[in-house]
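So that you can tell them apart, the chains are marked A, B, C, D and E in the order they are listed, and the count of residues begins at 1 in each.
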């Protein structure tokens, strides 16, 4: 078996605040293999975002070790290994969709020609071809979110970190984007770490579901999904699906009860 | 059969905007009986909020008629028939939880003694006893939302209008509040109109589910729930539940396709 | 345009009050003259007199209007008696001071946003600086600058700058800090350097704040330029005009210079508003 | 040369001290200390440069000379303070802010007035105060009343605009909530819109403090009794008593900063609930 | 040509006609001088401008110059084109002032900014308190204009024979309604409008030579102005950048100013100087100067210029 893409050993992270220390992560160990789609689920404030931020070198753990592609998160960041998608689309209102997607490319010094080539390709991938010249506020919330995913895909990051990317969208749009995300993942073979609050979403998308408990944030359960790679939306009404969902819910409820 | 609490006949509502008229409601007719729990579901912008606002006399229909308790919405409002719960908790940050809940009581001229008696009772009801002296921003989102429900319950409004009250909360907290809301409804026998984006939530809570289609907002389906009044959370994995959910989803998808 | 009717109503009300106030304020002098001349004034004569005095306590609107007309349209704009010429003198100092103040304000704001030491130690003094009555200092500033060989437009512009940099600092600090943590983190995940973050994120995000401050700043600049004109020898400019008017008790001249100054300020603010609209529209932010 | 070197050394020491302080945890003490270190450094540099370059005392006195003069003239400074700050600025401030507040509450009830008055108000606010001062001195006499009038004119519009904006700050949803309670406009004002407007009102009050002081001082240039800070500043420049001029400026800066700080403190107590205040505590 | 900068005490008006005439008629040019005239104003302290190096020579009143000298700014009078003082206190008879005995309890308008010294020494000679105590006068810092007397806020205001007095007349009051007290008549006149330079500059022979030529040309200008008052007033008007002066007022002013300059050839009369110093020294509890100054004037320039 190849080395894991992300390997966390016994991670600790304590924030120093005015009200005293906050233990956001405690003894977190997890391996993510290449091509995995890992969902993180857990009650609010349990440290999901923090864990993702540690992976992306946006936060320094206060204990334990973590490697990404075999090197430190900082080196991985310098090597531009990450595409990070935040909860809100976070597009720049003063840039067109095309310009928004090419922003990381500009920063990374791609040539003009390559920029436009890549922008066209990823906008196509998220079905936004033809919207290059629009401004973000001229698009619906779902389209904005797809643009922000396109932005994270524009450069060749191996690892896609997604922090509740669909949290603000309505159920129908969300279903649709979930389907598309799965297709995309299948096509690009990226490794994805995905934070969500929704049990069906986690179960529908993932190859591996990580259930976390509230402060201090700990991993209470890691569930490998028995679902096939090919997942029509109806799969959510299948007994396998409901069983996994049930297990996730139980894990969550147990966490809530302790907290 | 007794007269309906809310009876809308062929309601129309057109907003005049700078970009021309917006048809928010078109030919909407609906009767809500005393003690009903009615959920409204539909894509964003289909007029759910607008319909609720018309019921509460916050918006004037441009056509059709509506009566509440047999009188006009305005008269019903003056008679303080409504408890309105908005999507965001909308508590006043400069008032403690206790003071927030007693705000409508102050306005309606209840005596000090009665105010504190009622505040204590409703805070107990939403399991917030002991938090009277806290400020809203010292509470979690779920607790704030419960306080705002307490505020709507503090005076004896027959009709509870709730506009996506749990939209901003995570799934576990939401499940919990759904359970509590059902208990409360069972105990107080209020009539509830409830807007949501979540199919499971609508199905779990309601005696009647109203599916709406996008602009111009129309009612496309009214589903009477076959579920019993007593509803444990597990009911959501029962076949009846899934069937109703399926029907709602189909209704919604149809709406999306037209729109 | 929705505001046209209300604005006109309010303006009409102001003119009515103005005319009445002119009667009330100028009546004593009319009576004084009449008593010394030993005549009785009828009501009509009184009103006529109060609206036509040479050096009234409060000139009637039409007197001011006539004066403005005479000194703008009727005079060659190169004439020293032309209000247009004086406005131009003041405007040039205003614009220079405004440019300097905006530059200084932005520089300070960048320093404050990027450097904690500056943030914590300089910011309180920026506030204190505005509690110093610059008008009291103006004569000294002019002299001291003169002593180091700076004269002409620049000293006036410096006072203008002192008044206009403050709103720009405050607004730009807010604006440069307006990107959310999330947007900054995003830059970090792309391994963007400080200058890329500044030019591509902080600066564009600060534009609405900048324009709001510029509107306040340009009005402050104009006040600064006018104040700066007093101690430069009251030679030329709206400030000199105000002063000369005040020195010779020419209230009509004072009021016309005042109205001109307010109109100039309104014009400058409107121009900035226009640039803002064009700019933000092109940036897709309006 | 020695003094210039001194100034340079002070600059380096002061800045390094602040750099060191900025790396400490940001306690209240550190937050207080850093601007003080910065200010003391500036003053020491000023002293060094004035002595080093031998700048004439009739152009720019050294801080030590100003301090000596300050200590020796406390009775004059106090008299001027009472005349300008207490009688002129404070009364004008209270009157101007109070009137603006009441006007704001009034025109808020009438959208017609709001739309008509605000653009006109902005135009009037653009009137340069230097021009208003001689007129108001002519109308209200040379004593403190005219200074108060200037202050009223100066603070009125910033306060009005802020208050009107603040009264609009409550969200549609919050106002709708009051509607569902069938609350009267008065009740809505007191229970919702005024508390909501407080951050804006305090913003206006803070801007007004510095304006009030400047207005009262400047108005004294255009005629005054023979006391007052503006009077003293202008006559002392004529007598080349620059040390006294600067002592008055120090008083102005102290009073201005204290007033600003005082209002900010009250703001903190009153708007304790506002996120910008919560973040700080 | 050598550059010379002259700082005036007040705005461009006929009070300074001699210098503008010299400039306009080319008298300075004849002396190979390139003169720049800087107008003054209510906020300009000519002494400070001199100290800051903003001017080589300035028009100033002697009390202010002597006070500056005591403050450590060594100013020296090099010429005195104005022989007598034009300062007066102008009162309204209907306010109850007809003699100096009537001052007690009245409000008097006084110019400050260094111009208050003659007034203060006059009052102390009359034994009238100016600090607001009982039996004294209330002093008001007069603004730029004569409004206080027109509006009855003050019983008297300070005026110059050539300027503010006529503004009162123009405003509608008649000479009969007014009671004037000329400082000359009260024996408290101090020297006005002299030319002052810094002592250290005089040590430089080149500078001295420049001043000699400057004073010579300036006096030529003054005498020309006295003889051709209307033309002089026109020249002043041409030089007024503020565009606020009127022809009528300037011609009248020139006529009055000519009366004050008439008695002087430019050289300071030591007797006038002594009288000024004595008046200032007697300034009561808070005298303008505390000891007789040394070296505050010189005839070195005028001796060379005028012979």
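Just so we're on the same page, contacts are C-beta pairs under 8 Å (C-beta built on N, C-alpha and C of every residue); 3 or more make two chains touch, one makes a residue touch a chain.
Since we're looking at a predicted model, the values are computed, not measured.
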Neighbouring chains common to chain D and chain E, by label: C
Between C-D and C-E, the pair joined by more C-beta contacts: C-D
Distance between the centres, which are taken as Cα means, of chain E and chain A, whole angstrom: 83
Separation of chain C from chain D, taking each centre as the mean of its C-alpha atoms, in whole Å: 18
Separation of chain B from chain C, taking each centre as the mean of its C-alpha atoms, in whole Å: 53
In chain B, residues with contacts to at least two other chains: none
Shared-contact residues (touching 2 or more other chains) in chain D: 59, 134, 138, 221-222, 234, 237
Multi-partner residues of chain E (each touching 2 or more other chains): 42-43, 45, 48, 51-52, 143-144, 147, 151
Set of all touching chain pairs, with the criterion as stated earlier: A-B, A-C, B-D, C-D, C-E, D-E
Residues of chain D that touch chain C when the two form their complex: 15, 18-19, 21-22, 26, 30-31, 34-35, 37-39, 42, 59-60, 112-113, 115-117, 119-120, 122-132, 134-135, 138-139, 210, 213-214, 217-218, 221-222, 229-230, 233-234, 237, 242, 245, 248-249, 252-253, 255-257, 260
Touching residues on chain E, where the partner in the complex is chain C: 8, 11-12, 38-45, 48-49, 51-54, 143-147, 150-151, 167, 171-172, 174, 177, 240-245
Residues of chain A defined as touching chain C within the complex: 53, 56-58, 77-78, 80, 82-84, 86-88, 90, 92-96, 103-104, 106-108, 135-137, 155, 161
Residue ranges of chain C in contact with chain E within the complex: 28-29, 33, 36, 55, 57, 79-82, 86, 138-140, 143-144, 146-147, 151, 230-236, 240-241, 243-250, 253
Chain E - residues contacting chain D, complex: 42-43, 45, 47-48, 51-52, 64, 67-68, 71-73, 112-116, 130, 132, 138-144, 147-148, 151, 153
